[in-house]
């Protein structure tokens, strides 16, 4: 199977490329990148075996990678399955996703990891990389078998959904994982401080009478993990950063040369806690939507590189999880199908430029997870996302491929969308 | 003015005109409760459901009496007797109740925002009888009515609200209502009971009771929930009452004609000393209860009617 | 409403005064004095008329007759169907009605529904010995079997006409007019 994609603006931060080029795919790999490839390849002889797609006016980038999704299978298939989540991913422009271990049972052993990989292969849409649990049942008491999990196919470790409250266990996890070159992704939340919090603690929690989650609940843990990383000399990746104080801590740690990386999600640079005034449970997430000042700081963190990655924290839920009193509603946003659209606003708002965006949505996640992805180098896997930067569309949750229709962005007007998602040289999503 | 609301969810949404109109209407209902036959036929054939997911004697009884004095049929559903125990969701309960076609649903719920959820689900009028730590609009209305009766006005008065502001829906509704009506609202309580950025609601905050009650026209004491002690919100009742209890001594700092209010039920000797609570020259606590029925009659009267 | 209404004055200030004086005498004559008599005016026009009657009767008998104010809104038979709630007025009857002869006073007697509501309300206040009705104008078109005991003036009108009683206390002028939609 050969494919020639012509006329697009190709952006590949790994090779420092940003120009109008053609790209030729062969046997699931990137075979050639250059100008006017149709002439040099003498395709006239092989037109029947090569699919040629004209992409004038489009942006072609290395396949987007979302390193923080929840696929819910096994255990919560009514919220999402690996197949439905995969379909949502390619529709959102993602060619690879890493899925968190808080399924039921938790992905804390080889058999669950293998199950996920098998199910993903059956769906055959997107590369699915399981993240294994740090502790058994993510209970924070006892380390899982990192080595065995790695052999089974996990790419990182996290108890996401829960913090590792024991600093001692976190230290051991970071040391042991580092020796296996497995990144540790930290869900930073001091649950003593967040207690039974329901939203950001501030003016809006006060007037809504909803228990608050202070910024400090996140920042205390980030500070702790940075200190442990410094002491042990191991890397740590901070998940879903939401506060100004967190940005300050991570920026400072990076300045001091520590191996700290961080991600944020589109909702943290798009929405504030003001949005909760209608008690709409679609705005309920953890960490919660923060204040205006925090949103400003997150954007600064994106601009200056403090935030390495945009990951959507795709957290699909069923109607029964959300159509309840705010207090009882589940946390999370179904994000795979809106992540790129929301992130493109960072370009129009001049927060970051195209290569920086692609770095945060493809190259950096690949580097942090040690994946041979995130680039269009010759010989790399032919994972490609084609984006139409002009197309205007409206978010419609009923049209989501994800089973999770829980999006606060329903009805929102967007500009720019993935129109072609190619995984391993095959078109897995065609929205042209 | 025309009163065109479907629901009463909070004081936050009400305009000054609407508040005045409700209070004026309530004035007329006060008289009904003084008659020998305390009943008018106004809402004959109307059905009012009191849906109480949280224990309450005072508010539920008040709504029930209000409905009955207007000749409406009132039905009480409380969490212990309802399908709540069977695990039915609020949505399903709401749809079932809606199918029975009541005219007003009065809801009390421990979750903030539950009445708002209900209001989006059913076509009937919803009255919030207290939701979590959010709002308790009928309490604030009866408090405003009581203040107006005793002081002749609300604008320009200094009203001190003392106690656990963080967990108090009464405080929030009163801050909205009294501020809108032109009162100067000040708060006092331990820092652990003061919710974040409350100053943005337009109130002044004191950590000591003295600053708040100095020259106050009205002092509103809030109930201290004893279970908060377990959450380390305050160290002990002993220490709390030593510093935040309204008593003979500190009440001297307030204006001579100060009135003392309390939404009930009172912890005697904790937030208010018994002699102050019982002293008719200060305490208007039982008056508040009396006004409660009138305010609730007014709201039931204003909300019921054809939906065309 | 300058052009679309035809306004005709049917009674002036003196006419109203004469009617009320006559009614005052009739009430006293019929009840043989003021003993056990109380006046209750129906808001709002009836209240002013009741006050005038109170004064006239007091002048005649040299003692004051009790006067109550009745707002019948809560007793209206169309109230629960309407979603525009009329503003409530105060009801003020500071005396017992038990065994009293109540003179109910209103400005215009029309369908009889207001009087029905007022009688229901009065009975909730006690058990009067008798209720008598005094009105300034009876314009006919009864929908209930109700009649007035004392009438200032019978004014046959058509249904598309409106009869309006203006009083100094309320409108600054004493007159009864018929307005006809043209």
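Residue numbering begins at 1 within each chain, and the chains themselves are lettered A, B and C in the order written.
To be clear about the criterion, contacts are C-beta pairs under 8 Å (C-beta built on N, C-alpha and C of every residue); 3 or more make two chains touch, one makes a residue touch a chain.
Source: prediction; values computed, not measured.
For the remaining chains, with chain B not counted, the touching-connected groups are A | C.
Chain closest to the overall centre, judged by the mean of its C-alpha atoms against the mean of all protein C-alpha atoms: B.
Among the remaining chains, C is positioned farthest from chain A, on the basis of C-alpha centroids. Rounded to whole angstrom, the centroid-to-centroid distance between chain A and chain C, based on C-alpha atoms, equals 78 Å. Rounded to whole angstrom, the centroid-to-centroid distance between chain A and chain B, based on C-alpha atoms, equals 46 Å.
Between the CA-based centres of chain B and chain C the separation comes to 40 Å, rounded to the whole angstrom.
Residue ranges of chain B in contact with chain C, taken from their complex: 2-3, 21, 24-25, 27-29, 31-32, 35-37, 39-46, 70, 301-302, 304-308.
Listing the residues of chain A that touch chain B in their complex gives 201-203, 205-212, 278-279, 320, 323-328.
Those residues of chain B that touch chain A in the shared complex are 12, 89-91, 109-114, 116-117, 131-135, 169, 172, 195-198, 200-201. Chain C meets chain B in the complex at residues 71, 73-75, 79-85, 87-92, 120-121, 124-126.
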